[in-house]
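Mind having a look at this structure? Questions to follow.
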Amino acid sequence: MPKDMTDTHTIFDRRESAARSYCRSMPAVFETASGSELTDAEGRSWIDFLAGCSSLNYGHNDPDMKAALIEHIAGDGIAHGLDLHTDAKAAFLTTFEEHILNPRGMDHRVMFTGPTGANAVEAAMKIARKVTSRTNIIAFTNGFHGVTTGALAATGNGYHRGGAGMALNGVTRMPYEGYFGRGTDTAAQLEQMLSDKSGGVDAPAAIILETVQGEGGLNAASASWVKRIAAIAKKHGALLIVDDIQAGCGRCGTFFSFEDMGVTPDIVTLAKSISGFGLPMAMLLVRPEHDVFAPAEHNGTFRGNTHAFVTAKVSIEKFWADDRFQKQLADKAALIHDALSELAAIVPVGALKGRGLMQGVDVGSGALAAAICARAYDNGLVIETSGNEDQVVKVLAPLTTPVETFRKGFDILMKAAQDALEHPAKIAAE
Amino acid sequence: MPKDMTDTHTIFDRRESAARSYCRSMPAVFETASGSELTDAEGRSWIDFLAGCSSLNYGHNDPDMKAALIEHIAGDGIAHGLDLHTDAKAAFLTTFEEHILNPRGMDHRVMFTGPTGANAVEAAMKIARKVTSRTNIIAFTNGFHGVTTGALAATGNGYHRGGAGMALNGVTRMPYEGYFGRGTDTAAQLEQMLSDKSGGVDAPAAIILETVQGEGGLNAASASWVKRIAAIAKKHGALLIVDDIQAGCGRCGTFFSFEDMGVTPDIVTLAKSISGFGLPMAMLLVRPEHDVFAPAEHNGTFRGNTHAFVTAKVSIEKFWADDRFQKQLADKAALIHDALSELAAIVPVGALKGRGLMQGVDVGSGALAAAICARAYDNGLVIETSGNEDQVVKVLAPLTTPVETFRKGFDILMKAAQDALEHPAKIAAE
Amino acid sequence: MPKDMTDTHTIFDRRESAARSYCRSMPAVFETASGSELTDAEGRSWIDFLAGCSSLNYGHNDPDMKAALIEHIAGDGIAHGLDLHTDAKAAFLTTFEEHILNPRGMDHRVMFTGPTGANAVEAAMKIARKVTSRTNIIAFTNGFHGVTTGALAATGNGYHRGGAGMALNGVTRMPYEGYFGRGTDTAAQLEQMLSDKSGGVDAPAAIILETVQGEGGLNAASASWVKRIAAIAKKHGALLIVDDIQAGCGRCGTFFSFEDMGVTPDIVTLAKSISGFGLPMAMLLVRPEHDVFAPAEHNGTFRGNTHAFVTAKVSIEKFWADDRFQKQLADKAALIHDALSELAAIVPVGALKGRGLMQGVDVGSGALAAAICARAYDNGLVIETSGNEDQVVKVLAPLTTPVETFRKGFDILMKAAQDALEHPAKIAAE
Amino acid sequence: MPKDMTDTHTIFDRRESAARSYCRSMPAVFETASGSELTDAEGRSWIDFLAGCSSLNYGHNDPDMKAALIEHIAGDGIAHGLDLHTDAKAAFLTTFEEHILNPRGMDHRVMFTGPTGANAVEAAMKIARKVTSRTNIIAFTNGFHGVTTGALAATGNGYHRGGAGMALNGVTRMPYEGYFGRGTDTAAQLEQMLSDKSGGVDAPAAIILETVQGEGGLNAASASWVKRIAAIAKKHGALLIVDDIQAGCGRCGTFFSFEDMGVTPDIVTLAKSISGFGLPMAMLLVRPEHDVFAPAEHNGTFRGNTHAFVTAKVSIEKFWADDRFQKQLADKAALIHDALSELAAIVPVGALKGRGLMQGVDVGSGALAAAICARAYDNGLVIETSGNEDQVVKVLAPLTTPVETFRKGFDILMKAAQDALEHPAKIAAE
């Protein structure tokens, strides 16, 4: 190991908090990245099937966004704009309205929150509570909505919940579609409990859901279930919040994950890939009648990350101005589906999960999934797990990944799985 | 008004949430910025005495940071790195250790949180609760720590608290130094209530404070009070959290606001100017024995904003590698003090507030302060108010502001005050 | 209407809070009572099928308890004893140990709480939280556990929950047995959610349940379900609390409602009929290893209602020293079952509910149930409804009610139902 | 030790919860009581300066109440009446209206809650929250309001708070009058924090206070402070709740503790001595405009303890129908004051506390106070301590205690103090 790398590792060990995580299983020191490829300080490359957890849907350093950003910076464009008007914000809003909102018939207002998904979720929950004068919010098993106190209450993951150090209030947990198996209609259960005067579930301010639970194991809800949840929300005077932070921005094959489902959420949260370039940006879309925050009632220093507006605008214009990109996504989703079906077929209890470009394979155990990902990493593929037992190998490649790169990645993944399956004793010992 | 501006305004009115705020009193559409100057789409310029609420301590588009950032982007440097190791993160940590932590004898670990100050505060509160297995956190009157649910509980501002739509728990409010006037020793009051077995204040996990309350009206605590609070925290088994998000990064004349106070906080939160360039970045410093989060227990997609690491590194090397910058700050603080003393002298109940480069004048009423700032804006100066009645005209200029620019800004400010004072009837009608 | 009655009514209207309730549908001013009969100021009598909501399981003014109580009072026996030792408390404890605890192999300690059921529930919940250092308590749909803040969080009834005026925290709601119909295994659902690391239900301090939900509509759990819940509690490190306040003290045919179910609750709450005479008394039974309250950590002025100890002792000796009473209860339960089956048969959607001497008929609507009870009252029978829609006509007669009185009561009830069913239009107008 | 006593002790050890308390320092098994005297199973007698913690203000087994109660029971009067109309309730209400409410110009409604003080406090807090749609309630240092979850949040005592096993929310703690010494105006501090828009104390639903803090160490508020608190409550739209559970029913020399203070509380809680005989009874008085509970919205099985209504009526008629009793109280208060002044004089740091018949001596340490009370008990006097360090020897004798008995009791107390002071080493070793 060359001296430099030792040294940089030293600084992480010496000074970075134990809270760091991905770097433990993928210890390279990355330097550059382009498209679907990451390269480390020693020149070693990896295909990226993680894409910043879906924050890099258009790949690393997209040349058009890069050019626009460099031009903006070089020209002394605003970097930090609070919530002042800037030309960059106006341009983004105009583009977003023209290519995203208007074509989908959405009259939502855009609220720029602090640039984390959790912040957008917090704002959404606060709005719902303010609108309804109610506290309770319905969230689902295996949902993930962030780790700040308000959002964490809605997150199902016990590992993250345990980090709060205090009781997390204001949320009622309900089973997601399919949670109790195909025979159990969880929407009907929710409706029954909310309609029961002694059901013990307080009238909700909102129902918050992901249409595909990214962290929860790629559980994908059906359109009919989401529609019924939307109807239940409406019936009970609750807002419907779709947390599209991971599943949105094209990840499911359309810009919003829900757009083919026949629902109009009252609030949509967006973050991760909304900047297009991996820059911190988060926002929510809110129906005008629910746009109830007074000026700065929910604020935040970085709600005007102007660099992100610049790249976000390019991402919308480049990929969503017409339907070409969306059509490519359909092809790629099929490709992923086929490749993962092969993978699932060789795993004894393997099951395909997810939809669109947010698919994976439940391999039955966290240990096996970790072993597969570790072997993939060693062979040049960055990929991660999700699920309540970390048992799902999850493909979150950039949406722009070329077919050839997909195939290479899947080859590595398949071999990693074969190797892991052939050496179960080694996995147990890992 | 030219057509373009009308149009851009239209998009804000049409599509941006009512939560937007600063743009209401400062309606220009800003395009470029350099140093301490902002320029709008029509070429009009303003001196910036707001500096992104202290997020732009080194001014807009610092040429060295700009060059480094462009080079990084042009070279396909990592933009979004999750919490993977990157060369940029290693370089920042190394620089921060060498020029900030080591010279100050601080053994703290660095935790990169989601890139908002609120996120760093949430993480700090969670750590304190996890370390102590206690829930209660002591926060102070007029403190501001963010608006996500956990942080908002610690924030005193009722306007922001009202946005929660639910009860905010887990925090006990105590009076800040001087809150009840000079004769009342609020540290002694805190000590008495915590020591009283029937005082009704549960044993605290932490005491969180700003040494200068930026949003709360530039209330500056004395070193002796902060030291006593630190001693009280220690005595009662609580962690001391200094929220240095606004007051840190040189704003008070030293890198940390507390470094001449003889205290070593268990946790320090940093955000705003830590990237140097106004890019979203937040982190906390935590003593090794309190670095208790398990991997990813507190996580967040954008905790590795690599662009910010690049500029942050330059900011530390350029301004904090030796003591020249700090010496300049002392001179500028004196300049601000003198200028604001003149301003305070012409306001009937004017009183100087704050310290270092975080000073202002309490003009006695929010209406007068707003009138002064509005006139200043009209004459080319961006400046804002703070305080529980928005009664403090607050100077948060870039620390790098040239003396000449300071003088120009203060001239505008003085004239604005004179004008506002001469036309009280107009203010009342505004 | 005679003058006296007008006058007494006046004082209630004038000075008693609007929170009063039963007196609205049963407006007589009652004066005396004996056995299963209530008599008002005008000499009119009613058969009592309400029994103080199961607080008068041995009827009104049982002669043996009456004699013992008068003797105690006449002899200047202690009335109010705080938690000092008294001969009366010793005698009660000795009797309770000999005839209740020992024969059932129960090693529980007896804790006298404030003399309300809610207080016993609060103490039970506090103990469970103290024992486990966890906050979350699992409670069930349609459960009723009292209306003080802690207990109310466990109560399902939305009408009562609404009285809190604040969010009720610390409880997770789960479906009771049969809640989603016979095909749905709610114990399995609970087990799945608790075992799921991302299920979003925090590890519980306790599971609290009634084996028959008295207020919730006489939903009776099966032994096998209760056993499985007990096993789930044990597996997940939670205490099992059986709230036997309404269903205990013989109401279900055995002293405890659960004693034939093969479970040993960690905590049992008792109130209502535990004094035998309708006097305020509440207590909980707690396994020795969970008897963790420090002296007076949970206290209350009236936890030593010595009059209640006197009558409670007589009630145990008179009814539970051998198995004769219990055998009579079996006969009476059969009688009630038969009579209510006849009633259920004439109601279109009538369904028998409950078990033991805690049975009723779900008549399908609250309006019909209210109409039946109103007619019964007019014809000399005091009876009430329960259930989430108040749709269950509930028989809670004293356990000591003679067969003849039962028959008279059921005759009145049957006629009331016939009359109500024959005049649906009148009901709708009521 | 005779066999019987051993046996009875055995049953307490074997079966009573470790939560029992008073019996630990006063281990006699009490059998009878009359007036101000308690007698145990062996015929030993004690003068009672504890009076059931002020639940026996008219002494034990008052002959008139006793006679009325026996007559009621013997005549099969209602024992348990839910909230049905009974003659006994009507008679109590009529008497209470005539002799208590009307003469004091109080238009309050009477709400009978579950028969514990905590239950009345819970109801009061719920009403305030329902009336105002606010959550926050202001309570004071060293206040004691009960140990159920809602009331416990308002209680200052950390020992009791620790029993909750969870965070106690919804209450803001403020310093009581004199808490920070005479120089500090705590009403002004409260007013400042409530008026400050960034004070961080949410708008309150209520302010709850005891005019003399019984458990908190006999801290007696001045009329002027209470009036100012009342004015602050009104100004800020909060209800004023006076918790008169311990200080009311004549304990301070007038029926209500506050009646000479020039305030009309919105809600008054009463319990302890309201039944007159030590029977469980609690109620609250609420201004008609705040009587907002819907029927049974706050309910409880024992809210109609009819035995208590019978004795309560006698107590009002016997002691409060004219001003003779009140005049006697003034004399007795003076007697207590003089006797305790002598006691205070012999204790190095002794200080008189309280007012009326609720006085005591702060002896400077809990160890000394305990030693004094232990010696008093050994010599025939039942007396207890209070205060945040249990440092106050508290005299809570029946108000009806004859002068001669007072003198005997004080003689015992004085000798106990002398003995304790002469043997400090023994105390330290106890």
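In this document, chain identifiers A, B, C and D correspond to the written order of the chains, with residue numbering beginning at 1 in each.
Simple rule for what comes next: a contact is a pair of C-beta atoms (placed from the backbone, for glycine too) under 8 Å apart; a residue touches a chain by one contact, two chains touch by 3 or more.
Protein names from UniProt, one per chain: A, B, C, D = Diaminobutyrate--2-oxoglutarate transaminase.
Quick caveat, the model's predicted, so the values are computed rather than measured.
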item: Self-contact between copies chain A and chain C, residue sets same or different by half; value: same
item: Higher-contact pair (C-beta pairs counted), B-D versus C-D; value: C-D
item: Distance between chain centroids, defined by C-alpha means - chain B, chain C (Å); value: 58
item: Whole-Å separation of chain centres (CA-atom averages), chain B against chain D; value: 49
item: Between chain D and chain C, distance of the C-alpha-averaged centres to the nearest whole Å; value: 30
item: Two or more partner chains touched - positions in chain C; value: 133, 135, 159, 166-167, 169-170
item: In the complex, chain B residues that touch chain C; value: 133, 166-167
item: Chain A-touching residues of chain B, taken from the complex the two chains share; value: 8-9, 11-12, 14-24, 26-34, 38, 41, 50, 52-53, 55-56, 60-61, 66, 69-70, 73-87, 89-90, 93-94, 96-97, 101, 109-112, 114-119, 122, 125-130, 133, 135, 146-151, 153, 159-160, 162-167, 169-170, 205, 271-272, 277-280, 286, 291-302, 305, 307
item: Residues on chain D engaged by chain B in the complex (per definition of touch); value: 135-136, 139-144, 155-159, 161, 167-173, 175, 179-180, 184, 188-189, 192-193, 196-203, 215-217, 387-389
